[in-house]
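Supplied in structure tokens, the structure appears directly below.
Order as written gives the chain letters A, B and C; numbering starts at 1 within each chain.
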Amino acid sequence: MLVYWLDILGTIVFAVSGVLLAGKLRMDPFGVLVLGVVTAVGGGTIRDMALDAGPVFWVKDPTDLVVAMVTCMITIILVRQPRRLPKWILPVLDAVGLAVFVGIGVNKAFASGAGPLVAVCMGVMTGVGGGIIRDVLAREIPMILRTEVYATACIIGGMVHVTAYSTFGMPLQQAMMLGMMITLGIRLAAIRWHLKLPTFTLEN
Amino acid sequence: MLVYWLDILGTIVFAVSGVLLAGKLRMDPFGVLVLGVVTAVGGGTIRDMALDAGPVFWVKDPTDLVVAMVTCMITIILVRQPRRLPKWILPVLDAVGLAVFVGIGVNKAFASGAGPLVAVCMGVMTGVGGGIIRDVLAREIPMILRTEVYATACIIGGMVHVTAYSTFGMPLQQAMMLGMMITLGIRLAAIRWHLKLPTFTLEN
Amino acid sequence: MLVYWLDILGTIVFAVSGVLLAGKLRMDPFGVLVLGVVTAVGGGTIRDMALDAGPVFWVKDPTDLVVAMVTCMITIILVRQPRRLPKWILPVLDAVGLAVFVGIGVNKAFASGAGPLVAVCMGVMTGVGGGIIRDVLAREIPMILRTEVYATACIIGGMVHVTAYSTFGMPLQQAMMLGMMITLGIRLAAIRWHLKLPTFTLEN
């Protein structure tokens, strides 16, 4: 039940993030709708294609699709020509969606019988997939390629989630909440204080 | 039978559109072939991966693959160094492929038991998928991000198709033709008269 | 058994190529890890989604995933601030991975009952998929769009592999080795002598 609402939450924030990014691109409302929906359901779609456990989630149950569409429409109507949006809005929304979807991705991977390593990968893929598609379509530099501990946050959050459950026997739901808190905390801290890891740079 | 020929038509026009775009990029003939084939079969491939009803269509029946390859080769040979191509060629070919593939996508979704909403999404995905892959690979701005009612056309066409069939009980084939006409008509009108919806623009 | 080791080899060289490209982008180590792993397993992932023969290979058996991760970590540690990397390193690694993965892709397609044409396509897709995702994410021009007989090499190598096996009855493993040699030979020759086919260029 908690997972259900978290899933709705992640869908909403990613849909909003897609719409806000689209606002930079002078698209018409239906184009904005497509970009928002793709951002919201993209990561889970790639995950389900890879797990190959039947049709992707929004074909089995279109709830998330409806939520994403309605969110996009409401956002388009409400946010139309607002006062200048603060710069932190898009990264913070993205951080919430990232944390939630990493956790859900890990759980779905466990539910289909995957081991710990594959579960972390599925979590990361679910979390970062939608945002990557959003950024590639919008020709932005994908967030995962930037330095502010983006991949780091979801890999660590996913590993905590998986370890707490597989190694320490924590109930799956609590392990998920713990992992989400860690992913979210790292990302928010990184956004607030511009934390960076040292970059890996070659002169080639 | 009609669907069969429409599918061939959509494959041909999208393959040609991929080849013509490739002509801007100074690629060699085999690279052009790859870009043309990906454009032609890309949308349906994503759709089939999401529906997860066995291998994608060109694995089950390579007809479309052969059609796409032969089309690319013929186009490369015939169009080599033509007089300056008129600017409307690429968008018009794209419009025909878009209209046809939205209709076919909706039908395939219905055939695999999807509801109306998922059917519209599958139609849009089938229609825009190949062109998006083409534009992302060629580093063009994806057509769907431009203002000239691109997403709008296929969403409305798809909705008419689905509504005519699900709500008004029109035979599926007629509903498909109706939806295709609407998608194509909107796109052609938009190309001819530079129709635009008001854009959704934020100052962020 | 040979195939097993070739697969490991292809995974390693593609992972290294992803890490080296990431070195241009000022990413942090976990971002580099993600880019390296995606490059290494991306092509096979798309192939398995299209063949739809159960979960993708690294879900069934995470060996390649582990190999890719460990390779990325070792590369990050060892290659950190090396003397200026020679320019041919990245294309040569890519060529080895390309040759190996085209061959493996063709074999997997045959194993799931595909015909010759689909097998060549699956081979090309497996070979070029990871590199395309790497280049799209890193906002480089995809190698396949460049002129130096990239698509050409893997299409010809794949066709030789398929023809030797299907038409001339050569044992599959030998046919694979022959195809790989040809793909690799063409690519290395192209890199060494800057071979190009005439480009297909339109003035549109």
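The rule is short, and it goes like this: a residue touches a chain if its C-beta (ideal position, glycine included) is under 8 Å from a C-beta of that chain, and two chains touch if they have at least 3 such contacts.
By chain, UniProt protein names: A, B, C = Putative membrane protein YeiH.
This one's a predicted model, so the numbers in the text were calculated from it and none came from an experiment.
Both chain A and chain B derive from one sequence, and where they touch, under half of the residue numbers involved are common to the two copies.
Rotation angle for the C-alpha superposition of chain B on chain C: 120 degrees, rounded in steps of 5. Chain centres here are Cα means. That of chain A falls 28 Å from that of chain B.
Residues of chain B in contact with at least two other chains: 49, 52, 136. Remark: chain A residues 49-53, 112, 114-115, 117-118, 121, 124, 128, 132, 136, 141-142, 144-147, 149-152, 155, 196-204 touch chain C in the complex. Partner chain C is touched in their complex by these residues of chain B: 19-20, 22-35, 37, 45, 48-49, 52, 54-56, 58-59, 62, 65-66, 76, 79-82, 84-85, 87, 89-90, 136-139.
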